[in-house]
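To start, the structure itself, in structure tokens.
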Amino acid sequence: MTAALESAAPLRPDESAADTYGQRSARLRAASPAEAAAELAEISTSVRRDILTTIQSAGMGHVGGDLSVTDLLVTALWGTLRLDPTTPDTPQRDRFVLSKGHCAAALYSTLASCGFFPRARLSEFMAPLSPLNGHPARLKVPGVETNTGPLGHGFPVATGCALGAQLRGETWRTIVVLGDGEMQEGSNWEAAMTAAHYKLANLTAVVDRNRLQQGARTEDTKTLEPLAEKWASFGWEVRVIDGHDHRAIKEAYAASTTGRPVAVIANTVKGKGVSFMEDRVEWHHKVPTDEQVRLALEELNR
Amino acid sequence: MTTAAEQSPTYDCRADFADELAALARSDERIVAVCNDSVGSSNLVRFREEFPTRLINVGIAEQDLVGVSAGLANAGFIPFVSAAAPFLTGRALEQIKADVAYTHRHVILCGQSPGMAYGELGPTHHSIEDLSWMRAVPGLEIIVPADPAETRSALRWAVASGKPTYIRIPRFKVPAVTPAGAPFEAGRATRIVDGTDVTVIAVGTMVSRALGAAALLERQGISARVLNMTFVEPLDREAVLAAARETSGIVTAEEGLLSGGLGAAVARVVTERHLVPVRMLGVPSFAPTGSTSFLLEHFGLTAEGIAEAAREILDRAR
Amino acid sequence: MTTAAEQSPTYDCRADFADELAALARSDERIVAVCNDSVGSSNLVRFREEFPTRLINVGIAEQDLVGVSAGLANAGFIPFVSAAAPFLTGRALEQIKADVAYTHRHVILCGQSPGMAYGELGPTHHSIEDLSWMRAVPGLEIIVPADPAETRSALRWAVASGKPTYIRIPRFKVPAVTPAGAPFEAGRATRIVDGTDVTVIAVGTMVSRALGAAALLERQGISARVLNMTFVEPLDREAVLAAARETSGIVTAEEGLLSGGLGAAVARVVTERHLVPVRMLGVPSFAPTGSTSFLLEHFGLTAEGIAEAAREILDRAR
Amino acid sequence: MTAALESAAPLRPDESAADTYGQRSARLRAASPAEAAAELAEISTSVRRDILTTIQSAGMGHVGGDLSVTDLLVTALWGTLRLDPTTPDTPQRDRFVLSKGHCAAALYSTLASCGFFPRARLSEFMAPLSPLNGHPARLKVPGVETNTGPLGHGFPVATGCALGAQLRGETWRTIVVLGDGEMQEGSNWEAAMTAAHYKLANLTAVVDRNRLQQGARTEDTKTLEPLAEKWASFGWEVRVIDGHDHRAIKEAYAASTTGRPVAVIANTVKGKGVSFMEDRVEWHHKVPTDEQVRLALEELNR
């Protein structure tokens, strides 16, 4: 069936924000993890604020997973990968893929912070004909490498990106972030096996290990533990970290030391940063009231 | 302009799904529910409370969801597989083909939040393809309930029939459209409104809008017949044929792609048996972002849109 | 009774697939082949010999096959994904929808051994559903080559077009049917035989049989037009319309299910634009065991079967 | 789409063969592995002979995997599971699922040896309208629990069977046999995780570890090793055995000792028993000439 895709115009970069990002991120990339940590934490806080107001304006969203993944996202996009928001399709760019696409608000807030598009547009999240769809769509949002939303898609695609770089002998790298519940999808284990077989040392897969999925704890739904052993037995170099410690995250994003692809199991807290949301399953996609948003922003300001 | 159907109270049929499923499970121990981390979104909270051991959650794993269900059927259970329609049909298609339809297992596939019920979540979460995909799985019955009563009947029918069945469970709120005492039979459409000029054949969310269209058309002196084609498979070929013979044209309306769903099923009967103009309404391609109501409006899937298509058909026929 | 087309030499187009793919790869470094433990059955042995690093085998993992290919496209490659059609389309459907079509990646999906080419291996290995399933993926071009020349053209077209494309690679031996100098364009059918009484619209293996039918009909004084509808998507609506206007009926013939493939595409044009009787030939349900020739015969997918359907259509039209 | 399935009449049990099977298999089940081994080996040889002639008459088939899986099949159906060929649908039967459905000839030959249908019918393998389709179809062949052929289907279905028995509190068990190449399918890892989560101690998954898949060695195609670690990290009790040693197979088929499902990694040789086929990738689905069949049968007679 041939037909035009969606109708709304794609977003364009915010040149001035991109300029700031270019300089600051270059500095953060070059800095040691210890040096960069505080600044990355600061950016993460402002991204968390945007996530909350973005979801507030939409009246929908997946706030719990957005807040658990924020530090992982910010450290990837601000502190690790080489990206240029003004030329988001340049072949030599590093690739970032959010496999847990339901956390679009976190991705959009981070991309906006980098200048991939104007931050003001975040208020259009999920509005009629908005390019900021409930799940990321690459033809609409610069910085999105592949459309995600159904779980278990981003990882195989990221594997293909990394394999492509390896085939071309190029040095750019790929980071993909998965949900822990998402690891129940068999397609991910197919990709894990492929990446190990092809020794894709240029690929880092990060599991946002918040121990909750949509309806309950992961271990009560379908046991993932021992998760590190699973990855290791699939041929990956495994790094287990605190997924809210920017220094640890930046260290874990460092290149493979074994020639094998790197799996980062990032222990996180769903709803991180907002006390009444933390580690509570109902905040998977519950929408905060205006009062709750006010309280949450207040907590983040502390 | 508001129509009678639009003024009626509307219902989220998920409540009826949950209620009827529990009722069936109470009287038939073979019934279990199987879901993919979708206890809430598949409306199984209540089922779990009442039958904690009979709710099986396989986690986020749709291939396994359908395969395990086929195995449960092998073991003598009647599994209601409950998952968001796009993932159930798209991710587990080969399992539906091989493990359920071809193996001929009595598995009842419940596509939750079908069509564009997940409007703002975008095309990956829309299930506009399911009717086309499922129609191309031999041996699968396909039911698209239009209201609370039909939702309940569909569940009961699927248990009694013993056949592999796909049911689209309505989420977008709809008014009651089923006439009291209307039979619920495979291959039998309900003629909700009789009419002689033109026929609207609709399913699911489109049925009440078709009724709205008939009301609009009536004010313009056009007599429209409205058929609720609850079973897309087996199709009520006789009802289509009668519409082709007795009215001047047919409009089909479905919350789904135009390529291979209800419209295609109707067009086959028309072109092979009795020619009459057909106008298909549905979704042409991946939809943009927006609420379900917005998107239905966007694609002309409204009483006005259906009425307009009916007038066009009549113009062509004349 | 044998017809001209049936006496012609026949070709296994897999050789042309392999040859053309190698030729394209020689002049375009972006081209890679991706397969699922199917180097032999996907006819990639030769490609591997010439381009050992450009053949990627992901093992028996079809979801990964398509996902990885979308990633390779992201990295600037043009992947030819080569796998048995039933597994490629059935097992990786959601990846085709989300990673290829909706993400709009230039991935060329090559369905090997399509239709009932794996006759004796049964319904799990038949790919009679693929045209219906793929037609219900928005944004996917669908090509069904009918002979060696079209197989080559399809590959070249898919590279040049930049579009996500599904190609059914023929395996069952077919005679050459493409007239010399016939253009190969999206949305353009080839009128191989002109005719005024009835039109046969065919794809793939059915084209030569349609020609056979035309020869049979000619001896009976019936002038049949034969259209090779190489692109099922985008469909040549004008050619269908011309057939509807200029001849008394249309027979569609495809090695696939009747529910949503070529027949449905044609019926939509006919019912919406210009009414004329249509008779669809194809496979009604899961097929039994048997060789491809046996099965085609079994379902009347022969020159005789097509000719008979054409006569029936003419009887109806009169 | 509603329609009748295939047209040929289903096969019916061979009462007299079933009777013999009933007595002999009861004895073999009760016997110790050491005691039963020789007799199981004998049955396996005659099944291998039938496989060869069945493929010869069809002119098609997957001889390599048929011969590697034979001992696993025979030990399951003759020496372990409680089956009654005359009432193949009795609810209390044990379940056997051949997930690697391309080895239908091995399954059919074994089922015929048990009397699920007359052995003479094997010559109809893949003939027009034959119930003995190239891949097993349950409505046609008694003893087939679910239709397989596409890899990665039988295991999830078998998991459902085992889960069903657990839910009912019944004691029948399920054995499923997978190809090693088949383990590359993600659907299998979904099932592995499900079975472990539900602690399906009544489920045994056997991997026919012949180290070859369709086109090449498994490790050259997509690395499976360390396979035992993979299963263990997915929560299974793992038993690694010689898959041609009937005593070891029967021992490995014994009940779980850990309350967890049992994975048997059966090291086998593709083409086992026919010297010129052994461990050669081309015999995945190459068809022997009449002369080769003669030679093969001669070897098996020794």
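Side notes on the structure shown:
Read from first to last, the chains carry the letters A, B, C and D; within each, the first residue is number 1.
One rule holds for everything that comes next: a contact is a pair of C-beta atoms (placed from the backbone, for glycine too) under 8 Å apart; a residue touches a chain by one contact, two chains touch by 3 or more.
Keep in mind that this is a model prediction, so the values were computed, not measured.
Any chain touching subunit A that also touches subunit C appears here: B, D. In this assembly, the C-alpha centroid of subunit C lies 36 Å from the C-alpha centroid of subunit D. Centres computed as Cα averages put subunit B at a distance of 30 Å from subunit C.
The distance from the centre of subunit B to the centre of subunit D, each centre being the mean of the chain's C-alpha atoms, comes to 40 Å. The multi-chain contact residues of subunit D, meaning those touching 2 or more other chains, are 1, 3, 5, 137, 147-150, 152, 184-187, 190, 193-194, 197, 222. Shared interface positions of subunit C, defined as residues touching 2 or more other chains, are 58-59, 61, 63-64, 86-87, 90-91, 94, 98, 102, 123-124, 135-139, 257, 259, 284-286. Contact topology of the protein chains: fully connected, every pair of chains touching.
For subunit A in complex with subunit D, the touching residues are 184-190, 193-194, 196-197, 222-224, 226, 229-230, 232-235. By the touch rule above, subunit D contacts subunit B in their complex via residues 1-3, 5, 91, 95, 137-139, 145-150, 152-153, 155-165, 167-168, 186-187, 190-191, 193-194, 197. Partner subunit D is touched in their complex by these residues of subunit C: 37-41, 57-61, 63-64, 86-87, 90-91, 118, 120-125, 257, 259, 284-291, 294, 298.
For subunit C in complex with subunit A, the touching residues are 32, 53-54, 56, 58-59, 61, 63-64, 66-77, 94-95, 98-99, 102-105, 135-141, 233-234.
Across the complex, subunit C is touched by residues 86-87, 90-91, 93-94, 97-98, 101-102, 123-124, 129, 132-133, 135-139, 257-260, 263-265, 267-268, 270-272, 275-280, 284-286 of subunit B.
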